[in-house]
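Input: structures, listed below.
One chain, chain A, appears in both complexes that follow, with chain B as partner in the first and chain C in the second.
The block that comes next holds the complex of A and B.
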């Protein structure tokens, strides 16, 4: 007897949970979002198929998630060839070189993004689109970097470094510039809660990340308001929520043990606060999660040793 | 109620047989009685090929302290004593008896006398003589569980009526149809171990059984019928103790050492019949179910009856039957031939049709931790599974794989369809072999 929840359904659940974010992105940034997703799926899928053929293995549904997550964490006007290069790098170096699904140390989508951020820093920090307003937004438009009137150079987080804070309700509904999928906190929460209710994402990881971020951010803002922005505002800005719900919860690259998950989540939350406010980096979620990924195996090791010691003492 | 940690609630599929009264199966033409039907040393044959035996006659005596005697289940001629197909997998020595169709019982010469005046030792002796083992499936010799180590006082006898395995309803039917005899058996067990009280644990979804058992136990103030949470593996010894007494015990110790004796309800019935009627264990109730059988039901079956012969009485097996399991689908053992016999621990035979049998290729572990959160023993299952997959049994051992109760929850929930329980069992077997080798080496 087997539980009907298999890897296929697991991965499809994540894809379904991402649909609100995709819808919000289409609304605010236009049809190019669809093209970015197609490029990501086509290039990443090709790489995946090639590895499957060479390894004589079946193609795993895991790519459905990586291939969709990746474009959602990129600037919406990023050149399409960079999307292609990034996803190829993420899948090859982030996943396949480690042995494929289940064996990778880092979140493949974040590996791809990290590569682009370091290789093409200007493109990765400038190709933002001014979100469309009104009922339809940019739903019928195709906006790329050539539409100079629609391109803006700063996200709310970048602007905040200069002391300008976007409106909280805009952050919540998504009427702000930023990466494709992270723009609407509302859409992220909608999909994220679905993931938690279906037990695909672990609530500990999400709560730990958001909780530690808010707690540390709140305290530091109180102590040094000039250096540290308001925690509630930061919670809704940038990729924190998207990262907490969709990236940090990747089971493969997060700890197995509950204790490990809490520690991992706190590392991500704390690191994001510190990177955002104390370094020239505007964002921080990406590096924070990659840092958490590095720590995950060690955290499991420690948690399991504690558990074994308890077993020995009790028994 | 205090629940044990982990566990799950698979679909129970008990509707097919829960209303089916226990009926005697037809007398088998041929029985094959394995010498190993229990945990422990195999029994030793005391008959010869060609010899005529009567029903209930001792044909193999216990082969040690942790062992159980075997009795003829039909009258007839011993036709062979040789390795024959066994539900555990390989061929194991068994005594084959061709029925003479008379079913002549052995003349009972041992006078039981007044049941009320029996001493604990007399009860244990009767249980031992009857070859009774735990009939919930594990088949641990019952008399061993009735002799606590020196200095340990047994306080509680737990009667296990949880029956958490999907499909199986034999315990349920026994509790419905023979509640007074079950309670009388429990009384004898209680006396044998001088337990202060009896707690009967039954899953909350078996309301009728809770009712009949409460009624049967009604007059006694030291018997409590407790409804326990519907959660697999509630019927596992350690989990049931946790649910009823709130105490977590390690797998490495017998519950006996902590003052608990846990006995299955069907075992209690067998004890009742053995002690009051001198009846050895030569038949048992078996649930035959699954979509692969046309007329599922509960049968009183002579031990040694082949699965094939019994299944025919359940309206034959569907043409596309693809998997036959002894026991339930969670912990049961898949069979490769219908020739295997019903043994003392055969609580059920479940047959699946082709469409229900999923032969999925195992994928890589995605570390989702579902197995760990369900593990009633609280083990680092994902890591043990990986260690066992790659033959790193010393890691599995360090991670306490020996505490595994083989309940199958990890396999059930694994989205990658990994044979988790198989990994656990393989690691345990390998570690046992290693320990035996070390023991042998140090003994020289």
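The block that comes next holds the complex of A and C.
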């Protein structure tokens, strides 16, 4: 990913792949989504430019993806200043302090979200919007936290903890509350498959994450069907698909070797199931991917050693 | 080096926390509020001054091989005094500082000054050194506490500062402490590098 042309191609492909998610978010949650994206781009872009000036480097396209991913993983009625604080933190601490684009250890968008989730736990778990129905949805509305009738406190995953499971077809098409971009599994799949077909996202990471998630989720459901939802339901609920296709596959923060990718994907899938089902946390994708990011360099190291040993033995 | 210089070195040039990077654990743990920070800083300063003077006074009588146990006994005496005093007169602070008060016994700043300075210098300069290092530590904890309490609770000394400011709980949690510490350490190393380049 050192070739500048390659970085550019990569960034624009991801942005194109995210368009279905943005469209679905606009349909279900209204025009505020656009404002959130604008705030994220404006604040994050300013930080990026400032760092580029201080370092006397050229401004690169690295922020195009982070700036769009970040609002897509937030609750849709989150106050706009929190969007600004989160994206600034994610870019500064998650990326620039590590040396800028291509040198970061963690996914900057997830670092920003993690900061908000720990710093403002109430705002980050209550600002959900009831999705709009019908042909137009909320396409012409601007819904924020002051529209009390549109605000609901529980996402499908939170409700599942109380024993109510949302309808699978609603989960698939997106007629459920949740973070901005994750709501429609259909839109995520559409963009995600495009990413895989263009070889921007690695299929091993995606398949490994979803596969291990479904396998362990299936086992849990089989052991105690009353406590844990079916694996297929969990797959469509929350941010797992979005995380697997768009966050886990980030070429900078995921391992380079194929063996490392498989192990990394399994860590993410397993950690998500465990956090979701066995802790008080409602959603675990964010922590799982950050955990995978930490492990990524070590996994690469192990995978390379294995390959070296095999080569030596062959000789 | 004059006494005044000895005193100043402990605060700026040789600040135990930001420059020497010692005593990070109590600094992180007691910097969640300004009140705790002041209490911790004063307690540590008292122990530093007391142990520095006594260690300096007995420096010729202590056999080299058993010097560390001797220093620890001296330090532990002063820590016990602080502990009993705070327990009697400031029970709230005593409870807030908790385990970190008795842990001053093994605080590396105190032992570092006893070993490096007090055991080699006279009582007067050891006294000033203790004050300087103690104040340096206090300033470091206060700076951290100022940032962390201000951002994490929106208050200073328990009083709200900016109306309408919503605090970030993460700053008073351990991750916030580590981040603040990292940024401050980075800032001071950067400054040190820059002054070196200018010289």
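Everything that follows uses one rule, which is that the second predicted complex is superposed on the first by the 308 of 315 C-alpha atoms of A that agree within 3 Å, B and C clash if a C-alpha of one lies under 4 Å from a C-alpha of the other, contacts with A are read in each partner's own complex, and residues count from 1 in each chain.
Heads up, the rule we're going with is that a contact is a pair of C-beta atoms (placed from the backbone, for glycine too) under 8 Å apart; a residue touches a chain by one contact, two chains touch by 3 or more.
No experiment lies behind these values; they were computed from the predicted model shown.
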First, second, both or neither for A:55, with chain B first and chain C second: neither
Which partner, chain B or chain C, touches more chain A residues: B
Touching partner for A:309 - first (chain B), second (chain C), both, neither: neither
Touched partner set for A:101, first chain B, second chain C, both or neither: first
Touching partner for A:121 - first (chain B), second (chain C), both, neither: second
Partner chain(s) touched by A:222 [first = chain B, second = chain C, both, neither]: neither
List of chain B residues in touch with chain A within their complex: 8, 10, 166, 248, 250, 252-253, 329-330, 358, 360-361, 363-370, 372-373, 378, 380, 382-383, 398-400, 403, 408, 411-417
Touching residues (chain side chain A, partner chain B) in the complex: 1-3, 5-7, 9-10, 58, 60, 62, 99-103, 199, 202, 251-252, 254, 256-258, 300, 304, 307-308, 311, 314-315
Partner chain C, residues of chain A touching it in the complex: 85, 93, 115, 118-121
Complex contact set, residues of chain C against chain A: 166, 168-171, 173, 175, 179
